[in-house]
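Each in structure tokens, the structures are laid out below.
The following pair of complexes shares a single chain, chain A, combined with chain B in the former and chain C in the latter.
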Partner chain A sequence: MDKTITELHEELKNNHVTSQALVDEAIKKSHEVQEKCNAFVTILDDAKGSDVTDDLLSGIPFGIKDNYSTKGILSTGSSNTLKDYVPFFTATAIENLMSHGCIPVNKTCMDEFGMGGTGTTAHTGVQKNPWDPTRMTAGSSSGSAAAVAAGVYPFATASDSGDSIRKPAAYCGIVGYKPTYGMISRYGLFAYVSSLDTCGVMTRSVTDAAIVVDAMKGIDPKDMTSWDSSDIHLYQDLTKEVSGKKLFYIKEIVDKNHYTNLPRETEEHLDNFMKTIDIVRSLGIEVDEVSIDQDILNAIASTYVVLGCAEATSNMSNLTGFSFGPRGEGNSFQEIMKDHRTKGFSSLIKRRFVIGSYVLQTVNQERYFKNAQRARRLIVDTIKEQFKKYDGLIMPVGTGVAPKLDNTDRVTDDELTPLEEHLQIGNFGGFPSITIPNGFINNLPVGINITGNCYDDQNVLNIAYALESKMNYKNQIAKEVK
Partner chain B sequence: MEFNESTIDKLADLLMIGLTPEENKMILDEFAIIDKNIDKINNIKGIENIKPMTHCLDDFKCELREDIAENSPSIDDLLANCKKVDGREVEVPKVVE
Partner chain C sequence: MNEYYLTIGLEMHCEGSLTNSKVFSSGKNEYSDLPNCNVSPVDMGFPGVLPVLNKQALKHAIIMSLILHARIPEYMYFERKNYYYPDLPKGYQITQNPPEECVGNGGYIDIEREDGSTFRVEIDNFHLEEDAAQLTHLYDTSTINYNRAGNPLYELVTKPCLHSADDAVRFLEHIRSIYQYCGISEADSKKGHLRCDVNVSVSKDPNKLGTKVEIKNVNSFSSVRETILAESQRQIDLINAGKEAEIIQETRRWDEGTGTTIGMRDKVDAEDYKYFVEPNIPPYKLEASWIEEIKASIPKLPYERKNSYINDLGLSPYDANIIIKEKAISDYYDECIKLGIEAKSAANWLTVNILGYLNKEFQKIEDFFITPTMLKTILDKQKEGVISSKQAKDIFAEALEKHIDPKELISSDNMQLNDEETIRTIVKDILANNEANVTAYKNGKTNLFQFFVGNVMKETKGKANPSLTAKIVEEELNK
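Let's look at the complex of A and B:
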């Protein structure tokens, strides 16, 4: 299970291993990782191997984030409100994947309904980073990140509304790819922020990410925001020929001199980023430093919080406990519903609902919700203006390595917020965006992110593919730091 | 409408969720930060003249599908996750007295 999809396919085709043996190994490893990282809501102990065909994914086990509906398999979104919910249909993205012959072996934990970036709010407990179990994985795709990094299988599905694929990928030393909004159908994905939610994947190589998203994508009559990508062949068209491409990074976020009190670890992270930029330049790619209005950068995090709270409030109103979910107690339907929602949602979720409800009130809409939507356009237009000159934006992911779960090393500094949260730009614009590992600080992985214009997924993957080939972090398995 | 403890409880009631005093305070504290940060948006020059963005893709076209009848999920499937069922229906307490 420490191999890539193409390597496993070769072994299967040459009868060096059977699909059942791979499935059995993934299940055994799932139990080991569950013990150490608490990565799974469900482990499918009775999963069976499949026929091996010429399809690269045939016979290969994988994981599914628990906010994808899976027919006949518990799908909780890591929430007590759905702790016993078993869907009667499967999400289109998962149906598409499974039509290629790959086999789900577990459902992975996540921050409740995707609302969190720490991997600490699942109803089944906290996910721990396989590199160092005292540290977080980040979220919301916490279980998928831990499982892929620990070598349970070569890939797991994930979803991304703020940075839920791309930040956990960095903290766990793997690849996280969020395609252009709508490339993969959201039908059957539990809605959180519908205007930002994007299906995607976590792998240990860019090639594997291309193979898996090729299999997940496609227009779907059940998702009106999906679009026809039949002329895009991510794996087939992967190339390291990227000389002549142009990238930019944002000066106000990356320049160390911009900060008055930079933590040492963040300084090393930014130094490491600049070393990676030298490697990018050695590929023949031009990289420029571009200045973006600080007011616009400062607006990113607030825009996300307001939009996220508002859309989540609306999306979760169907969770009543009547037709599905645990039934609440009480004498009236109001009492029963309130009991279900009070006991079912964590404090974090309740917080977001109340704030979302407030910003959506008619008297408050202009100040909060509408202005957040206006700021979203301003941020997106600013980046799109740069995409007229550049093939993509290249940036460091977060402020450094995975923080300690006990928050003892957590840095909260307004100055660092744009560095911590800039990946949300990718969701505001629906941009394709990929994180790949680019080194270590104190023996813990850090990541770099490449984001391009809408529909330009191939370009983004090609640049990541070429860069990955010049570094030594492809297909790495987590080695616990002692 | 001022955002205070009483407002939070009223909103929570409308949302059909109960809050502990600790949760109420947590929301109050978090909102104070959001309220301060929202000014970072509201102070952007000319923000009021920008058209609110509701969808990622500029060229997105909302196209109506053909009106083709499809099989609906079976009643049994739909009720499989329901805790209280009466025949083909979800059982709920009496709503109209």
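Let's look at the complex of A and C:
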């Protein structure tokens, strides 16, 4: 199961292995990873192999993040409010995928409903990083990242509202691809921040990411924000020439001299980033340093908090325990609802609901919510201005390697916030954005991210593919660091 | 009352009962079916569902905006109105807010009174939203019927510009008929399609509004009238008693039992709905060509039909008003005219015999057995003199009762007696048998004339042609 989709397809076609054998291996591996990392809400022990066709995905096992609605299969969003919820409909993205003959073998853990970037808030407990179980995977697609990194299967679906695909990918040394907003239907994806939520995938290679998203995408009459991408063939056009393309990085975030108090690990991370930039240039790609207004960069994180909390509190108002979810106790509907929500949500979520309600209140809305919407527009316009000149933005992911779960190495310096949170730009603009591994610091993986303009997924993937081919981190499986 | 100036504003909700599916889901729009059988996952707010705007419902909303002379924005936006209630599965209602982003912003409509005078109602906004589920509270439990959840709901909000209960009801009746004429809603109060919130204030100064009191969920037009009368009287009584301060801006409800308005716990004003844009429905551009297409599709509206009935067909305004009140009745009438039934005769039959029957039997004209074609058969035979007007009515009643085509009932048995010789023989017999009366008649007791005619009718079981009979009686008496 440490192979790529195309390799597995080859073996299936040549009868070197059966689909059932792959499924059995994935299930066995799931239990090992569950033991070590706590990566799954559900393991589908009785999953069956399928017919092998000419479709690259046929017969291949995969994982589904637990915020995708799956008919007849427990779908909890890693929340106690849905701990026994078995949907009667399947998300469009999963239906699309499964029409290619691939087989789900588990549902992966996540931060409760996608909130929180640590992988520690699932109702089933803390998620551990397969490279080092004392470290986090980041979130929210924590289980998908860990499972793919650990070699359970070649891919798992995920979702991204701030950096929920792209940061865990970096911390787990794999590929995380968030396509343009609306390329993949959100119907059946549990809503967190509807205007930012994007379906995507975790893989170990750019090629696999292209194959899987080709299968997931498509306009959906059930999602008004979906768009027709039938003329985009990510996998088929992956090897197109990238020489002559132009990328930029943001000086204020990447330049070491910009920081007064830079941790050593982050310094190494930025040095490593610059080394990767040299590789990018060797591909014939021009890379420029661009200066962006610091105020704009400082606004990113707080804009995300305000918009995210506001939409989340509204989106999760359906969780009352009346028609689904455990019924609360009480003598009035208010009491029943309150009991359900008090017991069901973690304290982190409740805190975000309070913030969300506060920023949406009539008296506060102008100052917080409306201003956050304006800030979002400003940030997006600023980046789009650069996209007139450049094919994409290339940036380091986060401040370094996966932090310790016990927080002992946590750096909470405000000046590092833009470096930590800049991936949210991709969600504000709905931009296609991909993280690929670009090296190691202290034997732990770090990642680099490429983000392009809306609908320009092909270009972003082609550059990522070309860069990946020049580095040695393609298709790597987590090796536990002692 | 004269010294007080009454001001009324209305919020009229109308369920769009005539779309195929719900406003943001593919669930069937038919909430009177068995409870909870017309429900899609979207209507119950299951995790992961998304709204999809129903273009037919939007078209209906645009029709109303055009009729109301409202401004239609270039882009359609929807907002979430957030609040928790068991009848609201998602925890928010998708609606439109503020007025400038509603499908209809501002506007007006002119309403005609029965006496021919008119008044103008100013519109604040007209918007499209989704309905909630239906809650039924039983003794110790409550049930939820999601059939209604997500049905299209149109809300028309007027400015405070009405000044009498009668005008308020005239306005509501006219809007209801527009909904029906345009095929947007059956607008049937009995099915709960119509709900009104009524804002009432009284003031001594016609240039100043008094304190506004809102009465919510008034569900029939007659209740709207009673609500306005009761609430304005309550406010006047308070002012007269020197207790004007007790009139506060509040929400009350209409209590049918006592015929009074009752203050509600003031939950609504205290609630902050935290409106914000619905992110799942991208701004929807309303192409000018589509608006034009919709404009051209608007059918003839009640007043247009009324004017044509009065001016082209010579009906009285009274009859015309009755006929246009409901589209189905007006359609029936138009069909009669198309078939060539004489206009006044058709109006007479419709307003007297047909509506009389429908009202008595609580029937709808759509279910009425006698079609315009059948009615024409009866009236043609009457015109030809084959049957008398009394016979026409009898055949009408019999056809209705037995569900038999009147054609079958018009046989030789009950055809009108038109044979002059036969009638003359009968007349002669009657005169011969009533010599005393003949003498009295000739001596000046001319009202005995009807006595002779009546006897002929009796003798012929009403079949003798009445005018022919009268002519012959007169001839024989004057011999």
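General observations
The definition used in the following text is that the second predicted complex is superposed on the first by the 481 of 482 C-alpha atoms of A that agree within 3 Å, B and C clash if a C-alpha of one lies under 4 Å from a C-alpha of the other, contacts with A are read in each partner's own complex, and residues count from 1 in each chain.
Here, a contact is a pair of C-beta atoms (placed from the backbone, for glycine too) under 8 Å apart; a residue touches a chain by one contact, two chains touch by 3 or more.
From a predicted model like this one, the values you see are computed outputs, not experimental measurements.
In the superposed pair of complexes, A:F322 makes contact with chain B and with chain C alike.
Touch criterion met: A:N331 reaches chain B, while chain C stays clear of it. When the two complexes are superposed, the chain touching more residues of chain A, out of chain B and chain C, is B. Contact with neither chain B nor chain C is seen for A:F155 once the two complexes are overlaid on the shared chain. Residue contacts after overlaying the shared chain place A:V380 against chain B, while chain C stays out of touching range. Of the two partner chains, chain C is the only one touched by A:S75; chain B is not.
Of the two partner chains placed by the overlay, only chain C lies in contact with A:T362; chain B stays clear of it. In the superposition on chain A, A:F190 makes contact with chain C only, while chain B stays out of contact range.
Shared-chain residue A:Y304: touches no atom of chain B or chain C. In the superposed model, A:Y181 lies in contact with chain B only, and not with chain C. Under the contact criterion defined above, the residues of chain A that touch both chain B in one complex and chain C in the other are 85, 88-89, 195, 221, 224-225, 313, 320, 322-324, 333-334, 337, 357, 361.
Residues 67-69, 75, 77, 82, 85, 87-89, 91, 186-191, 194-195, 221-225, 310-311, 313-314, 316-320, 322-324, 333-334, 337, 357, 360-362, 365, 369 of chain A are the ones touching chain C in the complex.
Interface residues of chain C, counted against chain A in their complex, comprise 41, 44-53, 80, 82, 84-86, 89-92, 142, 144, 272, 274, 276, 279-282. On chain B, the positions that touch chain A within their shared complex are 1, 3, 7-8, 11-12, 14-19, 22-23, 26-27, 30-31, 34, 37-38, 40-44, 47-48, 50-58, 60, 62-63, 65, 73, 77-84, 90, 92-93, 95.
Across the complex, chain B is touched by residues 84-86, 88-89, 180-182, 195-196, 221, 224-225, 227, 295-296, 298-299, 301-303, 305-306, 313, 320-327, 330-334, 336-339, 341-342, 345, 347, 350-351, 353-355, 357-358, 361, 363-364, 367-368, 370-378, 380, 427-430, 454 of chain A.
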